[in-house]
Structure formats: structure tokens, C-alpha cells
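Got a structure for you, written out below as C-alpha cells; questions coming shortly.
Think of it as A, B and C in the order they're written, each chain with its own count starting at 1.
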């Protein structure tokens, strides 16, 4: 079992220079030198230097699947909280229903939750989301929890490995939004299992061998019940 | 990990119907309590209290002033609370709003009405000069149950207080004279479940809240109902029992820390 | 303010035993508040400072929003019980001025263009005050901002130098601040050496100023090492969970 050493870097830390590397996410360049701009884990792929954030608010990127909570129905759109610095806009042309002008609250109201996709992020960071895609809809039932957006990759796992383990041993339906919101549906006991497993993943997110530990834990718990 | 508000109430009610709370506590169980005295050396007395993740610092400053005309030989106390923006994304900067004012007044009454501070011993010159006790409560981290945390921090800080007579050239310093304090315990109700020491989530879905302060003999010294729901008489009795039981434990812990 | 009874030097050492270029003891704790996005608790000499950072989040009220970048709202506040004579709660003119110069210092090193129309709220709370609170506050704010994951070009740090009884010293203590001849708080971007905050009161010749500034900058660099150490240690511990 190989363990790539995880290196923690802080803002202003020198990571390389533009002669040998390319500056990726989480970095900035000054006079040909590449520095980290955040507290994170440095990741070197091909000749890109990226820094993956350890903490921080959700930064919307086109194509992200997110769970949004409707704030305000307006005449021909809705303002939706997607856990980013400002609410996103969902226009009536981006939903699968035929909505009359001024009738938006008949379909989605304050407090409703939706599974959506980030359609666009313009130059002023204004975000538009859409429900027009298969698997996107208004959420009914289940439970939604919030985790730190930076932990989402850990909860999904490499090529979905972690989330598959979770689904397998708990038989719950689970949808992980890139914005740190997770929807869980299943029977009470299994939902509780998912919750405390996610809590564990959150608190140990930086450690090594987590996926295997979580799998053993869940395996044991399931066996105990049988 | 936090639960989205719209689903919170159903989730917590479902758990409650099974006799459970989200953090696995019993209905009448407190989170872990930490009391640290002398936290602020500059103050005449101070304490930091943590109940779970809720964190409150109380500082006591003493001043000299004129007595109130109807109590010419008694010291005076004044309580203020600051719900500073640090403690929660929902707190705004600015003068205290109703929540901070209610908090300060409830803590104040709990101490004043049970005469915890022996104000008759805080007279310097009858009718002319008395000691003023300023209690300032600073909420640092808000995770539910500010009433109890603020109350406990104020009491611990008072026990830690030395009256600075030397600084004012009025004589020798002496410990602030105190009598046995009532301990405040808060419970909330949502969907027929009554839970004590509400977490932030439980407070957010609560319909009604009841704080009961009890003394060493198990007698009731103060009560405050909050929020716009109601309690049945049975429910009130449940809250009182939880307050007496927990009050005893908390008092023991407090005495241990302040060395009584 | 002069007081002939106070001797700021005894046997060549300062009133608390330090040499001229020695810092008071500093302790830094990272991420200690549960609700805030980033936080730092810092002790510097007798100072006890708590900083909480929220953001980036939508700037309110709307009219304060800047369409091109985030705004920084640093709020420096002294608790009523933090000083010798109780301070009435609420911002006074001194607090508002310190809030302003602190916001401006932070604006320079935070990458604000990434978050138009947003606000980054920095709450600096002085729980116990003992000279040099604005430097301690800004230093703690730097750590809290890094802890919150806010992108920045550098972690800002601050330190003061001064003159007492004709001699230049680093990091004025309580009596030195009250009875000294000059006070020079400085905030720095340690990577580039850029000065982010500079204030001075008292009396210094040009030569004295140059030396005092140099002293303050060196002090800043030492404190910067402590900031970085504290941040990395906090997260290294998480890496090592087995």
C-alpha cells in the first residue's frame, strides 16, 4: 500500500517557478515564482502545481452538482442558496415545468430543496443553476446535512470509492453536492449510520488509509447486526 | 456537520419520539461543562465557561459611586451582555438587541433577587459612597443555551472577584462577599419533547423555553419562560425536576473550581 | 506622560527583565471557535485576544457591495473588563480608528478580486489588554484568515517598536507604553517586506526612526515564524490520525 506524503502548505509558501512548472488552482505567480494562496495540501500533477484547500467556502464551478435551498420566489425566477458567498439564480426556463409569470411559488417556495447543476458562473461571479438534466429535481423526503465543502472529495473518494462503500453497507440513497450539502434517504437506523460515518470522515479527512478503515468499520457494524 | 434548517424539526422530533437526541444525550443530560476562573487578569474577577461548544467569558469590574436613594447603605450591581458578531454568523455588530438585553436582565435578576452578592457589605460611606459591581458577559461561541452559560460564567467570575479597595485608597482588598447562589437550568420544548441544555439545533426548532434557578435546598428562586409556545403543568414539573438534579451537579462543579 | 518614580530600566534590563530587542512571550491557538469560518486565540505578554473570521459572504447592506471585489470589515473591540478602568461597551473613536487601519492593512494582502460583492468580516476581541493590542489583534487576524481558507498573498503580521528613556526597544510593555517617548506599531507582509500599517506617536529623530522601524520589522519576522508554526502544527495533527 503506497502512501503519497501529504504536504500541508500555507499562504505565501514558495512552491516552484514558472520555468519548470505551471501554476494551477490555489496558487498565484509573482515575478516568475509560484506561491500558495491558501492553507491546503499541495498536489503536483504532470507539471501543474495545485493546492487543494483544507477549509473554505464553496467556490461554484460550471458543471458542479449542488443541493440548493430556495430563498425567494420572484416573478420569473428563484433565488437559491447554494452555500456560496451569494445566492444563485434559477430561471423559469431552466426548470422542467411550465411556469406562468408570477406563479413561481406554486412550484418552488422558500425552504424547498433542489438538486441542481451549476449552469454558468459569469465574470462577476454571478451563478446560474439549472434543473434541466436527468437526476435533477425538487427534493422530497430524506435528510440534508452540511459538511465543509473541502471535505466533499474525501466523502466521494477516489473514483467514488468512499461513497460506494457507504451506499453498499447502509442501503441508503445518498447524493453528495459539491457545495458541501449531502442528501440521505433510508431507514432510520441506516441513516444514523451514514451520519456518524460522515462525521468520522470529516474529522479524519486528512489521514491516510481512511477508506479502508471506514470500510472495516461499516463491515463490522453490519455483521454485528446480523 | 450541520442539519439543514427546513428538515431539522422533523428529524429532531423523529429522534425524540424514539427517546433520542441528535448527540446521543439523555433528555435531561448536560453537555460537558468547563469552568476556568481568573481568565482575564485585568478584571477584578473573571471566568470562562464552556457548555459543549458554547463559550462565554464574564468579567467583573468594580467602581465607586453614589447609592440609590432608597438603599443608601447598599452596593449596586449592573449587568450587560454582548452578543458579539464573533459568536455566530447571525450576530450583528451594534448596540445590544432584545436577545442580548433579555439575556443580561435574566442573568442580572438571578443574581440580584437571590441576593447572591451581599450588597450590605459593599457600603463605603453610608448615604454617600458605595461599591458598584459591573458584570460584563461576552459571548464568544454560540452553540445553544446561552442563559445557563452566561449565568454560570457570571457566578464563577463573582466568586473570583477581589474588591480593589487599595486601588481606590479605601482600605485593604477583600474578596467579594457572596452567598450561596441559585444555579440556572434551561430546557426547551419541541413537538412534546422536553430537553435540557438545548444544543443550537434544538434551540432553533424550540417552541418554548423555560429557565429555572434552584438553590442548595432544592427551592426555586427564579424562573423565565421564553419564546411564543406554551407548557403544560406536567411539562413544567418535568423541567423543574431536571433543574434541581442538574443544579446540584453544576453547583458541586462550581464550588470545586472556585475552592469553596 | 512622564512619571519620575518609574524607572524603566534596572541593571541594564527592562522592567520585566527583557533585553532591548526581546519580544514578550507569545502563544497562538488556531481554529478554536466552532461557529466561525476561521479563528485564532493569541496571548502576547498579558494581552489575550480572540479573532473570528466569517466569509467570504454576501456583503450587507447592499449599498456597501463593491462590484469588483470583496470588502474587508475588520472590527476591533475591547471588552468592558479588558482594561484597568472599565470601558463602556461599544466602539469608541479609538476602536473605530484601529478597525479602519486594520481593514486597510488586510485589504492589501487578501485576494479580494476573487469575491466581488462579498464581505470578509474579521472580529478582533480584546479580552485582556496590556499594550500593543492593535499589533496582537492584526497578528491574530492573519492566522484566523489563513484558517478560514481565504486566499491571500501573505500572512500579515504586526509588531511595535518604541523609545524609552532615550533607548530604542522592541515590543513595548504596559509601563513602557504609558511612560515612554515614542511608539511605532508596524504591520508587514513578511514575504515581500511591504509595510501594511504604520503609525507613530511620540518623538523620534530620522536616525532613531530608521533604527526603530528596522527593529519592528525584525520583530515582525520573528512573530511570523510563530504564526506559521501554529497553523501547520494544527493541521499536521489531523494528518497523523491513525
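Quick notes on this structure:
Following the convention adopted for this analysis, a residue touches a chain if its C-beta (ideal position, glycine included) is under 8 Å from a C-beta of that chain, and two chains touch if they have at least 3 such contacts.
Since the structure is predicted, the reported quantities are computational estimates derived from the model, not experimental observations.
Path length between subunit B and subunit C in the touching-chain graph (shortest route): 1. The interface holding more C-beta pairs in contact, when A-C is weighed against A-B, is A-C. Mean C-alpha position of subunit B lies 32 Å from that of subunit C.
In whole angstrom, the spacing between the mean C-alpha positions of subunit A and subunit C is 34. The distance from the centre of subunit A to the centre of subunit B, with each centre set as the mean of the Cα atoms, comes to 39 Å.
Of all residues in subunit C, those that touch two or more other chains are 57.
Multi-chain contact residues of subunit B (touching two or more other chains): none found. Across the complex, subunit A meets subunit C through its residues 6, 8, 10-12, 26, 28, 30, 35, 37-40, 53-57, 85-87, 124-125, 150, 203-208. By the touch rule above, subunit A contacts subunit B in their complex via residues 69, 111-113, 142-147, 181, 188, 195, 198-199, 202. Those residues of subunit B that touch subunit C in the complex are listed here as 39-43, 46, 53, 55, 57, 59-61, 63, 80, 82, 84-89, 93, 95-96, 134, 136, 138, 140-143. Taken together, the subunit C residues at the contact with subunit A in this complex read 37-38, 55-58, 67, 70, 111, 114-118, 146-155, 189-191, 228, 231-232, 235-236, 238-242. Across the complex, subunit A is touched by residues 1-7, 11, 14, 18 of subunit B.
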